[in-house]
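A short worksheet on the structure shown next.
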Amino acid sequence: MYELGVVYRNIQRADAQVADKLAALGTSTVHEAMGRVGLMKTYMRPIYAGAQVSGTAVTVLLQPGDNWMLHVVAEQIRPGDIVVAALTTDNTDGFFGDLLATSFQARGARALVIDGGVRDVKTLTEMRFAVWSRAISSKGTVKATLGSVNIPVVCAGALVTPGDVIVADDDGVVCVPRAMASATLDAATKREANEGEKRAKLASGVLGLDMYKMREPLAAAGLKYID
Amino acid sequence: MYELGVVYRNIQRADAQVADKLAALGTSTVHEAMGRVGLMKTYMRPIYAGAQVSGTAVTVLLQPGDNWMLHVVAEQIRPGDIVVAALTTDNTDGFFGDLLATSFQARGARALVIDGGVRDVKTLTEMRFAVWSRAISSKGTVKATLGSVNIPVVCAGALVTPGDVIVADDDGVVCVPRAMASATLDAATKREANEGEKRAKLASGVLGLDMYKMREPLAAAGLKYID
Amino acid sequence: MYELGVVYRNIQRADAQVADKLAALGTSTVHEAMGRVGLMKTYMRPIYAGAQVSGTAVTVLLQPGDNWMLHVVAEQIRPGDIVVAALTTDNTDGFFGDLLATSFQARGARALVIDGGVRDVKTLTEMRFAVWSRAISSKGTVKATLGSVNIPVVCAGALVTPGDVIVADDDGVVCVPRAMASATLDAATKREANEGEKRAKLASGVLGLDMYKMREPLAAAGLKYID
Amino acid sequence: MYELGVVYRNIQRADAQVADKLAALGTSTVHEAMGRVGLMKTYMRPIYAGAQVSGTAVTVLLQPGDNWMLHVVAEQIRPGDIVVAALTTDNTDGFFGDLLATSFQARGARALVIDGGVRDVKTLTEMRFAVWSRAISSKGTVKATLGSVNIPVVCAGALVTPGDVIVADDDGVVCVPRAMASATLDAATKREANEGEKRAKLASGVLGLDMYKMREPLAAAGLKYID
Amino acid sequence: MYELGVVYRNIQRADAQVADKLAALGTSTVHEAMGRVGLMKTYMRPIYAGAQVSGTAVTVLLQPGDNWMLHVVAEQIRPGDIVVAALTTDNTDGFFGDLLATSFQARGARALVIDGGVRDVKTLTEMRFAVWSRAISSKGTVKATLGSVNIPVVCAGALVTPGDVIVADDDGVVCVPRAMASATLDAATKREANEGEKRAKLASGVLGLDMYKMREPLAAAGLKYID
Amino acid sequence: MYELGVVYRNIQRADAQVADKLAALGTSTVHEAMGRVGLMKTYMRPIYAGAQVSGTAVTVLLQPGDNWMLHVVAEQIRPGDIVVAALTTDNTDGFFGDLLATSFQARGARALVIDGGVRDVKTLTEMRFAVWSRAISSKGTVKATLGSVNIPVVCAGALVTPGDVIVADDDGVVCVPRAMASATLDAATKREANEGEKRAKLASGVLGLDMYKMREPLAAAGLKYID
């Protein structure tokens, strides 16, 4: 449950080196390495293709149609952070635009992940400020009601605790809990290492059926071939 | 309520110079300048990124799966117009393709805004004929049932009266009532003028909290910082 | 109804030359040529813009969250095929990524059409392996439950029988039954042939109202012009 | 476009007798009598089955997550009115519950039509206070930002001007413009009068094909029977 | 692919006795008995709770916003039939109301299953004419464009061939292919026979874990209990 | 992030007396008492109207199309519990039916809250086993892949920790964290106590404007009355 009207200033961030390295592995590999969990809903889409980032989460909880707390969270950003914005209810208003992006970028933020709408996407794209959002909307917001900063939030179906590592790319957004970041990096790196060899085999025409030795379990499950 | 089977030939268009100038300000600024109203639903998306237009609305009401009236509205287009197509019910068929776009472009239309589907989007993109639509669909339509041209319509949740100004970009589509176009241009221009200075301050690391003097009202609302 | 746990190895594919030629005509023309039927739901979108393909369908039925059968269908692919993946229920997990794409491409597949999610879309785009899907998702899948290969399936609302021709482009995905492929090619080619002349007329300012002789039927239907 | 922060106290209501009589005809007949227009989106559903009402519209525009203006509109209700609540953006919070319903009922309101959420539906059902809404939600709202009362609004896709007649039943919600209320009542009554005879014929086994003389136009359209 | 403008008068219906008996088993049991296939999308909902029917399918393909073919299909209904209405595109208009229901009932139809909207639901409920539909809508339709009768259709994601058995209840709608109706009845009856004993055991507190002997496979799959 | 393949047998449940008393207050009051947080998404609907329950949460995480873990969680149920089932991805299959309900009821469960589908709803309704679900579906599931029991889960957008209190009624589902259950009960009871007096005033015609002293803040916010 959410505590409202509070800003936690001291959060324990995941190790920066670990956080930095996860970007290159990508969300699909990271998500597999964690045991296929931690993924946000598929409606979270990047505003431009090709961005691939990772960083430590600072979180903010917003009220519908109200972006006041985005100004509050800006002060808590440290270089290498990704801002994760959750909402108390479904709402697609344009909470974030080029002015806030300028401020976030100046503070060292690498990206915004928001379970709501954003605007000025043309300018954001020119600035190369990466955003994953639920919607794009010109709709402006008010500054009237408090939310919170750096409390655990549910964003697009995923629990994000301040200091966790966020990985985001064209495939989606994954949250890696701080305590698991190092082990996840190891597991994901190992997965990645195997992929080159597999790719070469498959490219040469070897079938996954044979490479993964699936023919026997498929037969055991009852698969029948009919000519 | 809609009057069916009628074409209004004489509509009073907003001042062309005002209509033309609104494009450069963009939907988010224009929408704010109007007091945060007049925006179409966020499901209205451009078929290609980067288009930014404004113009005077000629409206058309379509029946589901029937694009007959798009041929009727073509004749009413004047240079500088944007066609706004509403539907009597939710329907995503491909009402509009490259042939109609050729005709609209020849008549001087700047764009189409349609609460339905369009097709031939690859060709439309090559032609640089801007379209904001609810969907993309190959599904063809019949020509069997009358709608109307140049009556007030509700398009994607926004009331559009013929002659109003339409502003559209990557953030969405806004309708500016004709009677408010001039005042909106003034207000939007003023907003825009302030943005450069704000952006510079934020880029230098000044916080919105300080620039907008939010610390006091936030404290008054009860915001607590916890170390 | 679906037969589960079977792989049909011998399917009768539509004529390869006919299948190849349909790509150039595009889904909107082909769909019209068939009498406006055979189109998949509009939620099926390409992972990158500009791909335009046709080929013969090999089909696969998948269980939710389970991509086992994609490995089985890989063996049944012949050069010129397009894999059509249907699901037993709505599910947007990432059933397909760059490794399977490498395998499919090595077997000669031209594209994947899947009523589910895919991942590694950045790599797939670099590989130029065309995919039309319901969603993009990092979510991995298991290999535990059988589906079937090369049975008739309903994919995104369209019935696809193995060997049918699939046509896909930026406008969507159409299925042309094998028995109708040749006649559809003829009809679509004829439609296309007329379009150049029409386009030139419309570009010169001639109205569809006149070119298609619509004024009389519109008046007969009761259309009224008001000055 | 919406004017914000205003309450119009004097609105011209449709004739009360006309407004009262439309309920009995139901939305489907009334909607047909108007030429098949004026219907709200189908996501507007009654909180309990069987309610069938009509009355004059008082309108209110709400901000997301903010029900302040529902208290303002309460004062403008007169016996026989139906409150129509539109929103400036999509939002499903629970704007309305049993306390406001008690107040509305005391003022003589017959129903609420709201393009948002409501709560306390069990109590509302016991009170027999009819509500058509987009959603049901426990989510409470704040009282911080102004909307307006008795301005024209777009509610669930339909334009509603204060004083129009609202008709609502299990099939949906229709808005009849004040100026057309009397003519619509006449047309709807006439439609209804014919239905008894038609029903008797159809119940006796006569086909619509014959009763409506459709066989000839169907054949003319090309319908073929195959044995 | 759909053939348009045709009515097949002679279809081979599933055995009436088999068709009749499937109702009592319900959709969930029948769907399991077929191997978990043949189910329509979950958006198909009954207009009133408690109806449970089965019957032989007569099919009709409708154009968006056009119910002409519902009058054509009425003539093809025989006692014991269920009308299955598919659409060429997504559309929620009210294609069917109390007059058509009177006609269908007079012809002996047991229900309507429609991938679109219906209206007059209060009257339909009073008539006890069962309908499963995608939506409820007052929106009327035109009679202008041909579809077809008794061709195979895809309705709400399921392939329905004329003469198949339709089973529908509060859980949804299932299509049983004619050729499998008898075997499905046997399998479903057998499933049902086992349920009484299972229910008694479970009611007495025996766990499914033990009754279905799941503890060993769960442990083999790696399940760990932590105290 | 989710730990997979584990069952926590010892969880600390909220005080039973507190848990029991929250039902009578209802979700809307409880949600307000917590500061307007903790609510599940509005797509969670009861399978029958009128149920109003509260109890302690035992949680289960399910894989798409797989209900194996529902049998595992059954053993962990104690009288007074409510089972909360989350999914690793969006899926509406029918995970739960009358047999599992019989077992859950025998173990003392008061209800099921599931972010997926259920079936046999007619029987569940007769049994008066309350269920809040995302969907109703006949679609059966397999038993092949592990999830977990009694780990913290995100269900329909709300974080639920085993032992928390769940409150559910016609308005939706709320999760009250165990540590806050007692304070929430006090706050909710206090809110409830005030409502009778308010209701009486409003019923007598007193306006909320006056009762809540809103006229001054509305004027301060700039509200204008126009005659």
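A, B, C, D, E and F are the chain letters, set down in written order, and residue numbers restart from 1 in every chain.
Assume a residue touches a chain if its C-beta (ideal position, glycine included) is under 8 Å from a C-beta of that chain, and two chains touch if they have at least 3 such contacts.
This structure is a prediction, so every number in the text was calculated from the model and none was measured.
**Q** Hop distance check: chain C to chain D, minimum number of steps through touching chains?
**A** 2
**Q** Which chains contact both chain B and chain E?
**A** Chains that touch both chain B and chain E, as defined above, are C, D.
**Q** Return the chain pair with more inter-chain C-beta contacts, choosing between C-E and B-C.
**A** B-C
**Q** For the copies chain A and chain B, give the interface type as same if over half of its residue numbers appear on both sides, and as different if under half do.
**A** different
**Q** Measuring from the mean C-alpha position of chain B to the mean C-alpha position of chain D, what distance in angstrom results?
**A** Measuring from centre to centre gives 27 Å for this pair.
**Q** How many Å are there between the centre of chain A and the centre of chain E, using C-alpha atoms for each centre?
**A** Their C-alpha centroids are separated by 41 Å.
**Q** Can you work out the whole-Å distance between the CA centroids of chain E and chain F?
**A** So the centre of chain E lies 31 Å away from the centre of chain F.
**Q** Give me the residue numbers in chain F that touch at least two other chains, ranges are fine.
**A** Within chain F, the residues that touch at least two other chains are 36, 39, 42, 88-90, 92, 137, 139, 145.
**Q** According to the definition already given, which pairs of chains are in contact?
**A** A-B, A-C, A-D, A-F, B-C, B-D, B-E, C-E, C-F, D-E, D-F, E-F
**Q** Over in the complex, which chain C residues touch chain A? Could you list them?
**A** The contact residues of chain C facing chain A are 5-10, 68, 71-72, 74-75, 92, 94, 97-100, 102-103, 105-107, 117, 119-122, 125, 135-140, 143, 145-146.
**Q** Would you pull the chain E residues touching chain F in the complex into a rising list?
**A** 26-28, 30-32, 36, 39, 42, 45, 49-50, 52, 169-172, 174, 195, 198-199, 202-205, 207-209, 212, 214, 218, 221-227
**Q** Using the touch definition from the top, list the residues of chain A that touch chain F in their complex.
**A** 1-4, 34-39, 41-42, 88-90, 152, 154, 157-159, 175-177, 180
**Q** What part of chain A is in contact with chain D in the complex they form?
**A** 63-66, 88-93, 137, 139, 142, 144-145
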